[in-house]
Each structure stands twice: as C-alpha cells, then as structure tokens.
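First chain written, first letter: the chains are A, B, C and D, and each begins at residue 1.
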Amino acid sequence: MVRVGILGATGAVGQRLIQLLEPHDDFDIAALTASSDSAGRPYREAAKWRVDTPIPESVADREVAATDPDAVSDDVDLIFSSLPSSVGAEVEPAFVEAGYVVSSNSSNARMESDVPLVIPEVNPDHLDLLEVQRDERGWDGALVKNPNCSTITFVPTLAALTDWEIETVHVATLQAVSGAGYGGVTSMEILDNAIPHIGGEDEKLETESRKLLGAFDGAELTLNDMAVSASCNRIPTLDGHLENVWVETADDLSPEDAAAAMESYPSLDLPSSPDPFIHVMEEEGRPQPRLDRMLGDGMAVAAGGIESTHSGLQYDCLSHNTIRGAAGASVLNGELLLDRGYL
Amino acid sequence: MVRVGILGATGAVGQRLIQLLEPHDDFDIAALTASSDSAGRPYREAAKWRVDTPIPESVADREVAATDPDAVSDDVDLIFSSLPSSVGAEVEPAFVEAGYVVSSNSSNARMESDVPLVIPEVNPDHLDLLEVQRDERGWDGALVKNPNCSTITFVPTLAALTDWEIETVHVATLQAVSGAGYGGVTSMEILDNAIPHIGGEDEKLETESRKLLGAFDGAELTLNDMAVSASCNRIPTLDGHLENVWVETADDLSPEDAAAAMESYPSLDLPSSPDPFIHVMEEEGRPQPRLDRMLGDGMAVAAGGIESTHSGLQYDCLSHNTIRGAAGASVLNGELLLDRGYL
Amino acid sequence: MVRVGILGATGAVGQRLIQLLEPHDDFDIAALTASSDSAGRPYREAAKWRVDTPIPESVADREVAATDPDAVSDDVDLIFSSLPSSVGAEVEPAFVEAGYVVSSNSSNARMESDVPLVIPEVNPDHLDLLEVQRDERGWDGALVKNPNCSTITFVPTLAALTDWEIETVHVATLQAVSGAGYGGVTSMEILDNAIPHIGGEDEKLETESRKLLGAFDGAELTLNDMAVSASCNRIPTLDGHLENVWVETADDLSPEDAAAAMESYPSLDLPSSPDPFIHVMEEEGRPQPRLDRMLGDGMAVAAGGIESTHSGLQYDCLSHNTIRGAAGASVLNGELLLDRGYL
Amino acid sequence: MVRVGILGATGAVGQRLIQLLEPHDDFDIAALTASSDSAGRPYREAAKWRVDTPIPESVADREVAATDPDAVSDDVDLIFSSLPSSVGAEVEPAFVEAGYVVSSNSSNARMESDVPLVIPEVNPDHLDLLEVQRDERGWDGALVKNPNCSTITFVPTLAALTDWEIETVHVATLQAVSGAGYGGVTSMEILDNAIPHIGGEDEKLETESRKLLGAFDGAELTLNDMAVSASCNRIPTLDGHLENVWVETADDLSPEDAAAAMESYPSLDLPSSPDPFIHVMEEEGRPQPRLDRMLGDGMAVAAGGIESTHSGLQYDCLSHNTIRGAAGASVLNGELLLDRGYL
C-alpha cells in the first residue's frame, strides 16, 4: 500500500479525494492537511462533510495537519493536492523539493513546460516530462498535474479524432456549480439564471487542450497547433459539465467515423480507468448531467448528438466534474505514477 | 383602435399576448380563441392564468371562441396567432383566406418564399413580400411571421455586423423552459440537469437567420449566404434565452467596432420597439437571464463579453423568450403592419 | 426464487421497482405490464428509462404485457403494483380474484377495513388482516398496501413514540417532485416556487397514519385515536420528502427520550429493511433531502432537530419518497409476505 | 422632502431600500454607508448591484460613507438601517444618541422592552413606546424596528383573528434564499435540497409575534400570551416566504369567518401600505412564491387554503421577504414616523 496525503482535504475536491481513496486497493490515507484554521482539529470538525456517502470512520477522527511539508510525515509517498491556485503555487514546490511526489488538481503551473499535464488515457507518455523536470529543477520529488474539469470533458473526444487532423475547435460549456467549490457560486447568483463567464476558464480550455494533444519527443513538448475557442457558462446544475463542441478537420470526417473512433478509444489497465472510456449515446438529447454523470462510476466521458455541419462536425459531451474532472483525475494520475515506477 | 383577436389565447404565449395587448394604445382585444375543449367557456375558466400580473378584468369573463374564422367576428382587423405548428398550418390559411391579417408566432410556414418573416428593427422591408403573397395566393388577408425565440435573440446582433460581411456563425443556446410552453418540460427532466437537444430548434436558427438577413428585391427574397451552425440546450431557467455566438467576417472586425455597431443599431418608432434596441454590457459575466431579461420591458436584446478569437469574434447575447421572442415579437409585427398601412 | 410481475412497469415507481428487484436475491422479474399503448413492445422502447443506473439487460428486451390477469403467466407468484389509483381500483381486484398476491403502492383501497396497510417495521401484525380479507371476499390471492410516500416518512418516528401516548400531531411536508411521477409537476410550476397543496395528500397523512398505528385484534382493526393535521407542500427537489413534525403526548416526553426511542427502534430481519431503521442526526440543519435521502440505500428514515416546544416536541424527518416511500416499500411488503408464508 | 440615509447600503436589503426610496415622494436619499472597505468609493463600484431594475443614476456615483454618525451629514433626518445584527447592536445606538431617528431592519434589540417593533397596519400604537425609550435612555433620536421577514408574513393574518382569542399557533416556513443575503446560502447547499433549520429563526417568530400582538398601555408593553411554535426551512426559491399556519382559538372560528376577517383587515393611509393588505386567494394551491410575491408591489400579504382541522384552523400565507419583509417594512415604518410627527 502506498501511503498518501491530501492537501486541501476539507474542500469540495478534498472530500471527493477521501471518498475515492478510502476504499482504494493501492492507496492508504496517511495525512490530511488544510489551512491553519483547521490544523490540529479532528477532520470531522474541520470539514463540513457534504459528499453523498457518510464520512469514512477511518478519516473522521484523524487530526488535520497544516499544509506544510514539515507537518507531513516522511513516510508518505504520494501527495494529492487540491488547493486554490495561489496557495498551490507556493506550497506544491515546497513539497516536491522536500521529496514528495505530488499529483495535483490545482490550476497553478499546468502550462509550465516541464510540468506534465496528463489524462492517463490520452497522453500517458507525457509523464516522462518528469525526467526533464527533475533535471531542470534538481527536484527529488515530482509534480504532475491533471487539467481543468472542463478541459477533461472535451479533450478525450478530440483525442479520438486526431487521425483526421483537427484544425479548429469551438466549445461552449454548461458547467455545474460544484466546479467552483462549496462556496464558489451563491444561490442568488444562479437560481433561475445562467452566467456566461467563468474567470480564466476560456483560456484553460484553449491552452490545456493543446498541451494535452501536443507531442513530446522525450525532451520537449510541442503544443498541438489546432485553434481552440471556448465560451464557458455556469448553470444551475450540481455536478456534471456538459459541452457543445464543433470540430473542423483537415481530412473528411463523418459522424459515423467519429462515433466509432470515440467508442473504440481505449481504456487503460489502471484501477480507476473505466471501460469503455467514452460512451457514445444514440438517444436524442443525451448525454445529460443528472442522468449520465455517474457512467463508469463518474470516470467515463459521454458523447452524443454527433452530426455534420456546414464545415465539420458537432456533438455534445459530458463528464463528472468533481470525479473525472478533479479528484478522480488526480487519483488516476497517482495510479499512473505507481504503474510507471515513479513511486 | 384596431380590433384584434388572439388564436391560442390560453397557452403560455397567448397569456403573454393578453398581458401586452390589454394596455396597448392601438389595439383592442375583441376575440379570444382556443381549442374546442375551451370554446364557450369564460376565459377565466378556460385558461390557467400563470403570468406574473393579475388577469385583466376586461378579459377574464370574455367567452372563448373556437379557433375557426366563422367563430370570430368580421369586424376584427388583426389576428395574433400562437398555435402549435400543426394547428397553425391548418388554421392560419383559413383565416387569411377569410380576409384577416394574421401576425403569427407559430412556426409553420416561416420559411415559405412568399411569407414575410420579420423582426421590425432588422428587416422591415421584407413586409412587402405581402404583395407577392397576395398575388400568388389570391388572398385578401395577409400572413406575417416572427421568427423562433432563439433566432430572435442572436439575429439582431448579427444584423449590426453585416457591414463586415458575415461568413460563418456558430451559436450555442441556453434556453429557458418557458420556450416549450407550460407543460413542455417536466420538472424531473430539468431540475439539476440540462438537455443538449430541442427538437427542430437547431435548424430554425440556421435557416430563419439567413432569411431574416436575406435580400428582398421587391419580387424575390434571397437567403443570406452566411453559414450558421447551432447547438441548442434547455437549462433550468424560467425566462430568457442566453446564447454564445462566434462570428467570422470577411472584413476585419474588432470587439470595439462590434460593440459600437450593436449599441448604435437603431430602434424603430413603434410603441413596442425599445430604445436602445441592443444593450451592450461591459460588466463581466453579463448579460444574465434573471438580471437582464426585462431590459426594455422585455423587448430589448442584451449583448456582452465581446472578444476576439483566433479567427473572429465571440460574444454572448440574451433576450426574453416569451416577450421579445414570442408575444412581443408578434405585437411589434402588428404595429409594423399598422404603420405600413396593411390594416 | 419467487417469480414476480410488475404492474405499471414503465412509470417512475415502476422503473424503481425494476431497479430494486433485478438484483434481488429472492425475487425474479417474470412479467412487466403497462397500458395498452405499450403492450407488445419491448420494455426498452415502451419505457423512457430515467433512473440513475442503466436499464438492466435482462429487462430491456422483455415484451411488455397488458395490465390484465389474462396477459400474465400463471406461474407468477407475486405482483407489485404501481398504478394510478383509478386504474388500480379496477385492475387489482381482478388480479387478486385470479389468485395473485399483490403488494401495491397504488393509493386505492388503502383505507378499506380488510386491506392491510403495512410498513413492515411498524405494524407487521396487520398483515394477518389478509385472513379477514380472504374470508370476506372469497379471494384466493391477497391485496396488501403500503402507505403514501409522505405518510411513510413520519409514521416510523411516531411509532417510536407511542409509549408516551400520542394525542395530537401537526405535520408540514416539503415534498419532492418525483412523488408526482415523471410528468406530474411541470418545470414552470415549480422552478423558483413552492406549491402549498397536493391533491388529496393532507387526508392521506391524516388517515393512513391512524390506521398504521391502529390496533388489530385478529378480527378488526381500530384506528389510533390521535388527531393528525397535515399541510403538504411541493418544492423544487428531485427526491426525498422532508417533514416538520409537532407531537403532543399524554405522558411527558423529553427530546432525549424521543431521540433514544427513535434510534433504538428495531429494524426487521428482511433483506430490504435497513439497520438502523431510523437515523437520528445531531448536526444542526439535518436531515436534508440531497444529503440524507440515500441513507440505508434509500430505505432508512432520518430524524433531527428534536426539541421541546410549549406543549410537546418538534422535530424534522426525511425519507426517500420513491424508494422507502414507494417502490422499496412495496418490495419490503413482498419480503414480509414471503417471510410470513403468504407466498 | 425628508433627507434619509441608508446604513448597509450595499447589501441585499440595502439595494432594495435604494430601489424603493429613490422614486419615493417623501424621502430623498442623502447618505449611503457601508463597511470600511467600501467607504470612499462610488456606490456603483462598492455595490454589486443585483436588483432587477437598473441602478438609479442619482445613486450610482454617490460616494459611500463609513457606517459612523460622524461620517453622515447632520441634515439627514431619518436613517434606514440594514446591518448584520452584531454591527447594528453597536452602531445603531451611536446614531440614535447622535440624534438620528432610525428605522431599522436589523435583528438586534427587537425584543428590548422600550424599542417599538412595528408593522404599521398591525400595531401602529406601539410607536409611542418611543416616549418611554427617550425617557429611559435620554436619547434625542429614536430607534424603531420592523420584525424578521418570516414574522411579518404570518403575523398580519393572526392580527385579523385576535377577536377569537388565539391560544396556540404552529407555523412551518418555506423561506427563500434572499432572506439570508447575497452570500448567505451557497448554491451547493440548496440546489435539489431543503434545509430544516435557520439559525435563530424559530425563536424570532415565536417571540416577535407575541410582541407585535401585545398590548401597550402607554407605559409598558405586555406580550400576547398565545403560544407559538415555529419550524423554519430554507428552500430553493429566490424571493417570497411561504408559511403553513395552524391556529387554535378560544372562540369558535370558521374558515369563512377567518377569510372574511383577513380580507377586510384594514390597510393604512400611508404611501407604501397596499390596499388590500391581505389578499385571500380561493384557488387551490395558492398563494405561491413566484406567482404571488409581487401582489401590492411586494407589500401585500397573501393567504389561502383556509380550512378547519381537528382543533382549529389551518391556512397558508406568503409575503415578499425582501420587500414587505425587510426593505419595504423599514420604509413603511419611516412613513409612519413621518405621519405621527416623529420627524
């Protein structure tokens, strides 16, 4: 069993991490950290547990530590991090310098040239950027990132279509409130409403997608040169990001070929990788957040409504933003790190 | 005062028509029709009044007639119609043949070559297609259509940009449940959910927009040759359709020029035409359905988030789907018909 | 394995019945019925499957039969029924006359003097009313009812307090939309709204509760003489009925004693009876529908906020209305029928 | 024109106060205060304007002052206060000592024996407690309170029934999120959910109602001796508190008499007092928050579903919590102060 710690364990993604890691066969929760207000208190008191399964007994009475390498035991082998990006930018390098391997969901550093940004089913080879990272930074540990929740939703479907050479992508998102954390969206902002803006989100989809589908030659990562334009919206759903995607490819691509490519896109032989990875739904009006977000225990991507347009293809896709798009993404990266010998 | 009748007066749009027409200075409600179940009953009983202002006293006790030209008095000069398209397709021609002028919100016949599809601020000259219609069909009356609620939202913003020669448009919609009528979307379908499909809606946006921005030479109407691709979603909002738009133009178009063109796009000197017609909002995250749908008493269009993309422009726009997008659209067409001497 | 049939298998409760029965160790789904429109079609087509787990393969292609004893095979031993009460009133007696044992969720006949109305943990002895029923009606089969979903929520908590002699009960309900079936509440009725009336519901709580807590002497059932007054509200939640309860008892009852009585209220040794049956929550503001409806796999009742008032006790309680309150209630009654030798 | 100031002008109730006071015939907005973060900034920047009408031009550029008597000009005659209770407890006495008349919506000091707690239509005579207040405290100014939003909803209906001698009241509330202010309820707390607890709220209904219906003999106020028990719930509505009420009276009271008493309960001749004050609705399922909260421009109370129970009466009532229940309540108290010569 790999001993793991969770940075930011009391937040929305932190709670999901506990929910996923507690029954995990390979990982054993050995440390929980939070902000200094919570440090020293039992987890049960420090966190307002809001996940839809009861708080695990093994975690409830564990004392929360400060988010500081000195406060975490040395025999922890793997750190999952879900911190506000400003905190992550400061704290994560400290953990890595102290020798920890960090699988992080925080948005800081995702686009740095020596930081692997990984969806295991999509670009597992990018993990070897860690060699470059260690060389350049002199770090013992390692820092791996998973992308933003809304990036994770559409990139797998694009990954299935790269053989046709993607030139342009337009993507509109309908994002759930949990993506902003427990206090991120107030009820008065979102009831009977929608907000056509999420700070910094458009850019994350536009840049992270090009890094994920970029080429890594062992030394350097080159961004994919497709042009991506995103428009992000918050809507009154709890979980599950739905996205409308338009793709133009250099080679002719029929809806049938696209569906077949998505359906046959391979899963990975890791505990949290679902099979199938991408569900292609034929019923009109699917996928839908409430009905389809738990496919593959929340780790699958769903696609549907695949059609031709005047100059390409359009379709809809969906994933569970706090499982596949956040906590589950980090756990899966942890499993990849273990599988590839980085632990 | 022009004496007006309302076909389909008990439905969601019918109730809005009554709300708008009852205080109207030029129109006097003289007839209400509904399906045969309701005919003969007082309106108060036939309709389950659900608009947010009380049912007008002058209407409450009026007897509902059958939706049939023989059941409507000859001294009615103008008919507003909001019927299911299958009913409209059958009934509206009968009214026009009987000599009535019909301003219709129903979706049937919108794309027929001799039926004017009009947003008064956008293409008032298309109204003269009525001459062609009368010639061809031998009708005494006239049939004018307003477009679909989701078409009305984005076409005004495009109309402001035609000087730059629009080539392609991508539009994703976040549509309110009222667009489907009172019983159209069940609560179990939409609470904590979104549905990436509205039957027939994508095509309406794609074709109606090209007709509205088409050229009419007095004899024939040529569709605009821009390519439009739409992806329509239903979300849990009550009123107000929000849309994400991407536009590519032949000539270079900056966000500033686009904003200026929208802001200065002229209103019309008709009672229900708001001034300004298009509100350009600079605050991030606007327009929003709940906050902005009542601009211009629900008759204005709002736009915001105007930005450059890799190959054009993107922005968001909004209008009130049952006022500007339906009942108010028909009333405004009625005002145009009056102004241009068709009554 | 007991071969079971489901009447009304395509509706909201019917789908839940399939979800619960398909993996059941004692029951084997052998027949599905629906209205004549659906009869003869494969279940996959006849039902619009909307439960949050995929449609079971074993059910998807089964042909739906008409809701008629002649259309159901004789080797079916137990019928679960979830029909509109008007249909149930007509069809259920026909099934029982034909010799079937029927565990019904439909609201017809619940208050008839020879029909057992049963929550197994609360009044299992009432099941023996079936002897009276058979005697009086000359039936080979049997008809057992579970109560209304909102009755099931608060009656278990009252059952725990009967030692103190309940005199009066006031109960206000906050009920989820699924209680009205898939099409029962439109989105325009309930978004940003609440409705302080559910047709016939107040009376169901007031009378069914007195029958459930009534005394059965082997021959006759006497209603409990507590006075119950209910006020029922529909609110915009998907699943889970929350109720505010005030109880006045003849003997002094402290919040602590009430909590202890609820917590120790026994579960039953039947597969679907959860242990504990009643969860007493100490955290302020619990139970809540979204967080607590799945306790005990949706079969538990939760209570909280227990406090003294000027003249008694007040508390809140919750159960999952389509599992414990409907489909699961019928399944549990089926398990009781099997356990007590009625099958 | 009376020159007025608003303490806490940037909050949810503060914005409503501006919306109501800006067009007011007797009041002229002369000062706006907020916390020290906002002081010195133009209102447009300090407040995130979220009311459904545009920010008044006359207010947008006004500089926000600190919430301190020294920061407010002496020629302000009347102060409206909507502050967190802890801030109000500290700041309001300072304003009154400095000579200002304060009409406050803040919850501090409501139950103090020399502070009038007033709903003008219900207990205008209590205003003369101000004489006692001035005597006891040696204040030049005056402090008047309006009750909690959920108290205001049901007390007017009780006031109409006092002739029958009310003995006990049970009330369950279904409260809108705006009652907690803009950030008070997060979307993750309330979407698809309800919360059966609002901190301190039960007690407010139980005590404030007895003060409002208490007797003032010119020297001392005696609480009404009815027993009130409240159970408060938060639900996913934006505005409008709906309440289920049970009343037991010493004298027999029929639903018809109760309805007649409510309908004929007099309005006041003050600008913001609506006529009728209480709307009695006969349609089943009314009043409803979304449909009925704006009756009387948001200042009326609606009642419906009046029925007999085993030992009394039950009914539902509704008012707009941020208009009649907060900002409008304070404005109306200001009008009463003006009318009775306290300004």
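Operating definition for what follows: a contact is a pair of C-beta atoms (placed from the backbone, for glycine too) under 8 Å apart; a residue touches a chain by one contact, two chains touch by 3 or more.
Predicted model only: the values in this text are computed from it and were never measured.
Chemist: Mind listing the chains that sit against subunit B and also against subunit D?
Modeler: In this structure, the chains that contact subunit D and also subunit B are A, C.
Chemist: Given that subunit A and subunit D are copies and touch, would you call their interface same or different according to whether over half of its residue numbers are shared?
Modeler: Here the answer is same, because the shared fraction of interface numbers exceeds one half.
Chemist: If you average the CA coordinates per chain, which chain's centre is most distant from that of subunit A?
Modeler: That would be chain D.
Chemist: Please compute the C-alpha centroid of subunit A, do the same for subunit C, then give the distance between them in whole Å.
Modeler: About 41 Å, centre to centre.
Chemist: Report, in whole Å, the distance between the mean C-alpha point of subunit A and the mean C-alpha point of subunit D.
Modeler: 47
Chemist: Check each residue of subunit D and list the ones that touch at least two other chains.
Modeler: Residues 50, 191-192, 236-238, 290-291 of subunit D touch two or more partner chains.
Chemist: Going by the contact rule at the top, pick out the subunit B residues touching subunit D in the complex.
Modeler: 50, 52, 191-192, 238, 290-291, 294
Chemist: Name, in rising order, each residue of subunit A that touches subunit D in their complex.
Modeler: Interface residues on the subunit A side: 12, 50, 177-178, 182-192, 236-238.
Chemist: For subunit C, which residues are in contact with subunit D within the complex?
Modeler: 168, 170, 172, 174, 191-197, 199, 227-229, 231, 233, 235-238, 242, 244, 246, 284-291, 304-305, 309-311, 314, 316
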